[in-house]
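Several structures are given next for inspection.
Consider the two complexes below, in which subunit A is the common component and subunit B and subunit C are the respective partners.
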Partner chain A sequence: MSRSGMLKGLTAVLMTAGIVLAFTYAPTATRPNFSTGAMDPWPEFRIFFFHVPSAWVATLAFLVAMVASIRFLMARDRRHDDVALASSELGFLFCALALVSGMIWARHEWGAFWNWDPRQNSVLILLLIYAGYFALRSAVPEPGRRARLAAVYSIVAFLTVPFLVFIVPRIMESLHPSPIIKSGREGGVMDPKMRQVFFLLMAAFTGLYIWMLSIRTRMERAIRGVGSI
Partner chain B sequence: MSWLRGAFAILAKDVRSEVRTRAALNAILLFAVVTLAMVSFAIGGFGLASEVHASLLWIIMFFASMAGLSRTFVVEEERGTVMALRLTAAGGQVYLGKFLFNLALLAILSLILLPLFQILLPIPRANWSLLLGGLVLGCLALAAATTLVAAIVSQAGVKGALFTVLSFPILIPVLVAGVGTTQKAMAVQPVSSASTEIQLLVSYTGVMITAAFFLFDFVWRD
Partner chain C sequence: MSGTAVILTAILVIWFGVLGYLVTLDRKVSRMNGKGDPR
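Here is the complex of A and B:
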């Protein structure tokens, strides 16, 4: 079996298992009820298994897009530009998934779909940045120049991400839970079984991203090949 | 030294051609004045919370700068002088010259906008050193990012709209920090209360200028 075939199969197995196990094997999360002192069940918490891997893949995809952009500028090989475009599109998709799943969570936990929480804002701004990236690409007809300008913008845009993710939340108050895998106040929530399912789904989402990236990159390459005939 | 002299020569050239036409300055200033008038007619009669007041100042600054800061590169493309500039100066010199030019435009904008703002939407009391300091740092960050985006946009198709679309998302940290400093200044808080915002503005400017020096040649040279 080819490498991409193995990846495809592995991703399918991991994803199916992850989705099933997230609703069956992983125990329902609990949280302390401060008025009674007992532990209340917290079923909404399950969205975490899908929300966090989406956010992780979005970050990974934008990082890959930036690295591909740098490599394009250094080598001037259009194949790197294909990867940058494909990865930006996938990052956009997974970012939107993280935003929507986060909004569902926010509706349940904080009472409204949109709370102007810095995390929500930063994800929305990421979407705007990469929408700008696609707008820029569509506004430059000449392919070589398009790739060059888009690569520069992609690098500059990625440099602003640390400001949005790490510094702006220090200026504006955030309700977003701290990374739960770490120990700490919310650390008690993560049962070992939940942790296993969580890492299984992280792997499945990453595999899905790599698989989709290879399809989208090959597609872009084929389009470029047809265009040059 | 001769490298710096080249950058200043580009600044001098841009200032001279701006003095002759005043295209960018007129666009920016009129935009700012018209927006300010609109805003003050709409809400001037109400007492404004310092958060709203600070946001208005920065929104006017941002939109006014979108009206004119891309001119400096777009004009080179339109007049067909871009080739001559490519031949005579290195990329970094062009960036620095244009950055200083945009900074000068923003300085003039602030000098005219702030007194008018004070007349139409008066700020009752403020920590003025924090307010002005935040404005200066904000202008630096604004100029650093928009100069690079302007160079990108000048080579693309739909320049005007694209400049805003590409600039605003990457400028949002500046907007948040700028509004933060101004709001704290209007609440008469000490400079130390805005240390996170000030650090953000300074480091953002540093990151943008450094990135621009590395990346500008890729935008500038075909």
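Here is the complex of A and C:
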């Protein structure tokens, strides 16, 4: 079996196993009920297993798009532009998934889908910045100029990612839960079974991203090949 | 059927739908690029 075939098979197995284990093997989280003093089950916590890997893949995809854009500007090879476009699209998709899963969580935990929380606002701004990337691409008809302008935009757009994803939510008051993967005073400790399922799904989402990136990049090349006939 | 079982089933149905779509699209793109089975 080829390496790409192994990646696809592994992604399918890891994702299926991760979904099943998130609901069967990972224990239900609990949280204190301050009126009774008891620990209440917290099944909504399971959305975390899908929300965080989506956010991770979005950040990875935007990083890959920026690297591909730099390589395009250096080599002027359209294959790098194909990768940048494909990765930006996937980053947008997974960022939207993270936002929607976060909104479902927010509806349950904070009482409304949208709370103008700094984390929600910063992710929405990030989505709008990358929507601008697609608008720019569709506005420039000449392929070479379009690829150059899009590459510059992609590099500048990624500069906002660390600020919007990591800095803004930490310097402003947010309802968003603190990191819980590491043990520590701030975030608490994640159950070992939860941690296993979490990293399994992180690997599955990363494999899914690589597979989708490969499909979308090859598709762009095929479309360009047809267009040049 | 409990609420958890319903959500698990729904997520699995969505995932297998996505998986089937990706496998089909992958084959189609391979054929477009002149690779893969020529069905």
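Operating definition for what follows: the second predicted complex is superposed on the first by the 219 of 229 C-alpha atoms of A that agree within 3 Å, B and C clash if a C-alpha of one lies under 4 Å from a C-alpha of the other, contacts with A are read in each partner's own complex, and residues count from 1 in each chain.
Just so we're on the same page, a contact is a pair of C-beta atoms (placed from the backbone, for glycine too) under 8 Å apart; a residue touches a chain by one contact, two chains touch by 3 or more.
These numbers come from a predicted model, not from an experiment.
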{"item": "First (subunit B), second (subunit C), both or neither touched by A:125", "value": "first"}
{"item": "Subunit A: partner with more touched residues, subunit B or subunit C", "value": "B"}
{"item": "Partner chain in contact with A:114 - subunit B first, subunit C second, else both or neither", "value": "neither"}
{"item": "Which of subunit B and subunit C A:199 touches, first, second, both or neither", "value": "neither"}
{"item": "Partner chain(s) touched by A:171 [first = subunit B, second = subunit C, both, neither]", "value": "first"}
{"item": "Which superposed partner A:215 touches (first subunit B, second subunit C, both, neither)", "value": "second"}
{"item": "Common interface residues of subunit A - those touching subunit B in one complex and subunit C in the other", "value": "none"}
{"item": "Subunit B-facing residues of subunit A, complex", "value": "73, 121, 125, 128-129, 131-132, 135-136, 139-141, 144-145, 148-149, 151-153, 155-157, 159-160, 163-164, 167-168, 170-172"}
{"item": "Parts of subunit C lying in touch with subunit A, wherever the complex brings them together", "value": "3-4, 7-8, 11-12, 15, 19, 22-23, 25-26, 29-30, 32-33"}
{"item": "Residue ranges of subunit A touching subunit C (in the complex, touch as defined)", "value": "8, 12, 15-16, 19-20, 23-24, 43, 211-212, 214-215, 218-219, 221-222, 225"}
{"item": "In the complex with subunit A, residue positions of subunit B that touch it", "value": "145, 148-149, 152, 155-158, 162, 165-166, 168-170, 172-173, 176-177, 180, 196-197, 199-200, 203-204, 207-208, 211, 215, 218-219, 222"}
